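Next come two complexes built around subunit A: one with subunit B, the other with subunit C.
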Partner chain A sequence: MPAYYLEIIVVVLGLTVLMVETFVSLRDKRSLGWLAILGLLVVLVLNFTVVETGGEGGNTPFWSFYVMDIPAQWFKGLALLATIFVILMSVDFSRVLSKGICPEVEDDGVDDCAENQVALSEFFALPIFICAGMMWMASAHHLVSIFVALETVTIGFYVIVAFMRRNVGSLEAGVKYLILGALSTGFLVYGFAWLFGVTGEMELGAIADALNAPDVHRTGALFAFALILIALCFKIGAVPFQIWIPDVYQGAPMPVTAFLSVGSKAAGFVILLRLLEPFMASEMLNANVTSVLVIIAAATILFGNLAALPQTNFKRLLAYSSVSHAGFLLMAVASAPAHPGVVSPVAAVSYYLAAYLMMTMLAFLIMNLIRVQRGDENLEAYKGLAKSSPFLAFAMLVAMASLAGVPLTAGFVGKFWVFVLALQEKHYYLVAFGVIGAAAGFYYYLKIVKSMYWDSPADAGSSAAVPVVVAWPTRIAIVLLVVGVFYFGVNPGALLSLFL
Partner chain B sequence: MEVTLNHFLFVSGLLFAIGLAGVLVRRNVIVIFMCLELMLSAANLSLVAFSRFNLTESGGPDYNAQVFLFFIITVAAAEVAVGLAIIVALYRAKQTTDVTQINSMKN
Partner chain C sequence: MTLLEAIIAIPIVAALAIAFGSPTRPTAMAAAAINLLLILMAFAQYDLSVEGVYQLAGSHPIITVPSVEQPGAQSILLGLSTGVDGISLVLLLLTGLVTLAAVWVSPAEDQIKGSKRLYYLSSLLISAGALGAFCSTDLFFFFAFHELALIPTFLMIGIFGSGPNRVRVAWKMTIYLGVGSMILLAGLVALFVALGGQSLQFGDLQGWANAPAAIASASLENGIFLTLLIGFGILVSLFPFHTWAPEAYATAPTPTAMLHAGVLKKFGLYGLIRIALPMLPNGAAHWQTLLLVLLVGNILYVGYVTMAQKRFDLMLGNSSVMHMGYAFLGIASLNVIGVQGAVLLMFAHGISIALLFALNGHLRKRFGTLEFDRIGGGLGKLLPTLGLLFGFAIMASIGLPGFANFAAEVMIFFGGFAGLYSQQEGIVIGPVQIATMCAIWGVVISAVYGLRAYRNLFMGPLPDSSKERKLVDLTLAERLPLILLIVALLVIGCAPGLLIKYLIPSIENISHLAG
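Here is the complex of A and B:
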């Protein structure tokens, strides 16, 4: 099966969800969520069966803008997995969502809007379209196709970030994301225009050849690189373009925050890897590019970890944590590919993002349950969780341990390779910043573990003593993620063998 | 005087700078949004200029860039449609389009 069928199937699935909502009268619209999850699982299985088009298929002139190599397949899998977990969370989140969409309940007390689950199906369909955009992004190898895929994702995110239109927080997050997202689009397009002007090419392979030629205009190429880097730093949330992250993450609906922090970041990094490849391969530009990346990585690690220390809102804390993880990922991006006996930067980034998906989704699944059932996003709500819901508390403990980088978890292996790569490159200052950042990370991640296991709830008789109800699909997802974090932490080769 | 590539690039850079300055200093969301569109137009102008002056072997302009331009215009239109809807929803909720008033989230 040709690889691009996957994106087509995903888009058709999104349209199907909308059509079913329109033409079939459903008693409970959450069943559309199950339909979407089922369809995406099928595509996830199909993703393993597609043929690579790097060889003879990729050489046809018309298809030069689409490649299907191992990283592409990997990131398509990540996009699909992230979307599945996000829709699973949306099913749990649907009650809060309808409260955010509907006007105040009138005097007769009947809430028609929430009864009818207004707009719920759109909330399931939009992540599917975004997923199609992310999957295309993983394969995009041409400036136009990168741009269109990136904008499919970004515009989809504008809608779902601002989805709860009666909720001021969600709207504010939407406006902030809109302005800064559009700003980054402006930089990206201007950078693409200059890249085209300098090289005269649109296809990344041809751009790499042109940048290696001796007569390339050096200043123009560096200008294009700077503009593109600014745009992508917005997408991945690297300093100094991370300003939007805390507010948008805090204001957006919980499943959307999870999608932003995992899916959007993974998509940003796959584009970054693809676009940096020509610049890193060019001997004339390599030194400048690497030094800029190292500075950004160090600043991002330092800012993300130190700003997370005083946070009391759990979502905001994870927002800063996602900034710091972007910094660690940039450490790997900044290293050159050729070191015998060490994983390649692409493999390190891919593994790190898979680990990041597992641990972050685990944390968000649990936060989502607490948010829906206790109505609280602050760390206060987690005090004494180990007594009322030991299962959730243990799963959260695993997520936090992995995010902090405790050995035997996937998060540790991810960080380990990043540090190995930075040491190979002799970026000793960067490694020092990384160590400071990781140490600070232990403090704020384990603060949550402490409040779950050692603190007692502020007021004992309240909702905090009631166990949190976990539906069976969510329970299965949590168990799978906990097992995944340990399994790939002990046996990382199981994932990495794909890249060797 | 002959108009060269540099003239076009200068104008496009000027447009981009005006747009960026507008985004940074203006307070009205609608005006900020218009400035963002100005930045996209700057990129479009550069693309067409590069296309006109990077002649291909056959002597014609490089149409890759001109096709890219149409994609940019289309995407910008989609962005405006979604963006204005969000701004209208914000205005209905807060009765303001001033970005300095959009600050309910704090640590």
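Here is the complex of A and C:
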């Protein structure tokens, strides 16, 4: 089966969800969510079966618009997994969602809007289309296909960030995301134009050859690099283009925040890795590109971790934490080795993002439950969770330990290889920033553990003492993620060996 | 599954069982007792005639790479490898003994406020972390197991800690240890990269480190050693990074204090002896003077701080920091007898401080305070057994002959003076000798605060306030774990050769140490 069938199946799945909603009268539209999850699971299984695309063009059909290699397959898997978890969260979130969409009800009126679950199916369908875009992005190897895939994702996000149209926070997030996203798109296209102007090529392999040629216009190439980097720093949330992150994360509906934090970030990094490869491989540009990346990585780690320290809104805290993780990932990106070591930056970034997916999704799944059942996103809501819901508290403890980088969790292995790469390239100052950042991380992640385990709820007898109800699909997802965090923390070879 | 893997797995399995509803105290006690037996079995199986390799070894490769030395073959980059030599074996015994005692002295279930399960499983997890760190022969897991204990310690102090400052103290300790372990991680990764970046296995790393000019430049080697020294130093409360320790131990619940001060803190010293000394010999020589200055700070400065304490728990916490200075002195002397003394002191101090913290817990339970002034004196009449055992513990801590601490300290001082006289140059008083002279003054300091504490608590007339109080002496169940520890100290004190015969070949195997 050619690899690009995967994207086609996902798009068809999204259309199916919309069609079913239109033509079949469903009692509970949440079943559409289960349909979507089931479909995506099938695609996830299929993803393992296609390595060779075969046929004309081998692994690069469509005139090299599309490649299927190990990183592509990996990031397709991440995109699918992230989408599955997001839709799972959306099912739980549907109650809150309708409040954000429907008008206030009169006292005696029947709430038709909430009753009919207006717009719920779109909330399931849009992530599927975004997922198709991300999967295509993982395979994009041509400036045009990169741009089209990126816009598919971004435009989908514009809609779902502002989905709760009666919620001021969600609207604010939507506007901010729209304006800054459009701005970054402008930078990206302009950068692509310069890159094409300098090299005369659109395909990344050919661009790499052209940039390695001795007669390449150096200033032009660096200008193109700067423009592209600015655009991608917006996407991954690297300093100084991270300003939008906290507000958008805080305002967007919970599942969307999770999707932004995991899916959008993974997609941004896969593009970054693909686009930087020609620049890093060029001997003339390598030194400049690396030094810029090192500075950005150091600033991102420092800002993300220090700004997270005083946060009391959990979503906002995780927004800053996502900035800091972008910094650690950039540390690996900046360490492309002159002599290939055991673990390449691509492998380290891929592993880190997989670990990040597991621990962040774990945190968001639990936050989502708390948000829906206690109506609160602040740390206050987590006080005494260990007493009322020990299972959730333990799962959250695992997520926080992994995010902080406590060993024997997947998060630690990610940081470990990043440090190895940076030291191999002798980025000693960058490692020092990494140490400061990671140590600061201990504080704010453990702050949540402290809320759950030490503190008692502010007023006893309030909703905080009531156990949180966990439906069985969510429970299974949480257990799987906890096991995954430990398993891949102890046995990283299971994933990393794909790249060796 | 090898014997060592079983030793690491048992506390983890027991902790899981407790989490899923197994009865807390019996499970924890059984796990600790079985583990102690298995550790004794490991001693029996250890072959003293084989030198230079990790024994009872087992390995589960996780990441393999094409071998550098044998083309075509695969070598292990990262693997869950375990193995012991004499040094780790002694520390395993320490961990087994202290774990059993710590679980034993843990309060009965109905006296724990909060989650009983968490209380017992934390002790087991801390123990598993220490056992794993001492058994690992892979850099990754060596570090990882130690860090595993950080979260349970944080939770224990925060939830069950005593005193009004527990939140602040828990944060302070966690931040210190978090920073320390991140610095340590950077140093360990730098070492791995500098030695080729092809393997994390101790055996391979040591092999490459032994090659001439293994590390490209002297400044790189010195830099890595300093990073490791600071990283490990923070974990062992090396002066001036020690301020987290006394408060944390004074606040922590009794079993946590016993396990952390007794066992887990020794990880940093173990790391210096296992990794920094043998793999970075030139770095060790380069920073020897700095380490000497800092350790004199541990012994003298913290020693005087200890004398000034008005609360018994803070006095104990400070004294534990002070005694780490001796262990550092043994390491800094860079000769075989000094390092042997350091390892023996790790064992002796671990047992004696655990014993003292257990007694500290009994006093706190009876008086609700540990201020010398408020407890008053004369308890010897009311609590004769407690007083007797307390006397043993204090004498051991001071380093009276007959206790293991004495043997260890004497060996360290021998190590310190080892280079004093040579036939060519006559008497040479170098930095090590000066530091040792300062350290000997520390013996007097510990005698002062130790005996003073004993007098303040147990001698003299009873204050009127205590006469009306109903005080219960130690019951048999409370005595047994304390007696276990005292017997261990006495046996090793009277026959230190029992342990030293395991240490000698392993420590002589560390090249670059003077004879």
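The rule is simple: the second predicted complex is superposed on the first by the 484 of 500 C-alpha atoms of A that agree within 3 Å, B and C clash if a C-alpha of one lies under 4 Å from a C-alpha of the other, contacts with A are read in each partner's own complex, and residues count from 1 in each chain.
Going forward, contacts are C-beta pairs under 8 Å (C-beta built on N, C-alpha and C of every residue); 3 or more make two chains touch, one makes a residue touch a chain.
As the structure is a computational prediction, the values presented were derived from the model and not from experiment.
Asker: Could you check whether subunit B and subunit C clash or fit when both are placed on subunit A?
Answerer: Aligned through their shared chain, the two binders fit side by side on subunit A.
Asker: Touching A:F499 in the superposition: subunit B (first), subunit C (second), both, neither?
Answerer: Neither partner.
Asker: Using the superposition on chain A described above, determine whether A:Q250 touches subunit B (first), subunit C (second), both, or neither.
Answerer: Only subunit B is touched by A:Q250; subunit C is not.
Asker: Looking at A:L397 after the superposition, I want to know if it touches subunit B, subunit C, both of them or none. Which is it: first, second, both, neither?
Answerer: The answer is second: A:L397 touches subunit C but not subunit B.
Asker: Is A:E151 touching anything from subunit B or subunit C once the two structures are fitted on A? First, second, both or neither.
Answerer: Only subunit B is touched by A:E151; subunit C is not.
Asker: Classify the contacts of A:G200 with the two partner chains as first (subunit B alone), second (subunit C alone), both, or neither.
Answerer: Once the two structures are laid over each other on A, A:G200 reaches subunit B alone.
Asker: Using the touch definition from the top, say if A:F416 reaches subunit B (first), subunit C (second), both or neither.
Answerer: A:F416: touches subunit C, not subunit B.
Asker: Identify the partner contact of A:V435: answer first if only subunit B is touched, second if only subunit C is, both if each is, neither if none is.
Answerer: second
Asker: Mind checking the angle subunit B, subunit A, subunit C on Cα centres after superposing, to the nearest 10 degrees?
Answerer: One gets 140 degrees for this angle.
Asker: Mind working out whether A:V168 is in touch with subunit B, subunit C, both or neither, as first, second, both or neither?
Answerer: Only subunit B; A:V168 stays clear of subunit C.
Asker: First (subunit B), second (subunit C), both or neither: which does A:V406 touch?
Answerer: Only subunit C is touched by A:V406; subunit B is not.
Asker: With the superposition applied, I'd like the minimum CA-CA separation between subunit B and subunit C in Å.
Answerer: Superposition on chain A places subunit B and subunit C at a least C-alpha distance of 23 Å.
Asker: Residue numbers of subunit B touching subunit A in their complex, please.
Answerer: Going by the criterion above, the answer is residues 9, 12, 16, 19-20, 23, 29, 32-33, 36, 39-40, 42-44, 46-47, 49-50, 54, 62, 64-65, 67-68, 71-72, 75, 78-79, 82-83, 86-87, 89-90, 93-94, 99, 102-105, 107.
Asker: Provide the residue numbers of subunit A that touch subunit B in the complex, in ascending order.
Answerer: Residue list for subunit A touching subunit B: 143-144, 147-148, 151, 155, 158-159, 162, 165-166, 168-169, 171-176, 178-179, 182-183, 185-187, 189-190, 192-194, 196-197, 200, 202, 246-247, 250-251, 310-313, 316.
Asker: Using the touch definition from the top, list the residues of subunit A that touch subunit C in their complex.
Answerer: Residues in contact with subunit C: 341-342, 386-387, 390, 397, 401, 406-408, 412, 416, 419-420, 423-424, 431-432, 434-435, 438-439, 442-443, 446, 449-450, 453-454, 490-493, 496-497, 500.
Asker: For subunit C, which residues count as touching subunit A in their complex?
Answerer: 61-65, 77-78, 80, 115, 118, 140, 143-145, 147-148, 150-151, 154-155, 158-159, 167, 171, 174-175, 178-179, 182-183, 185-186, 189-190, 192-193, 197-198
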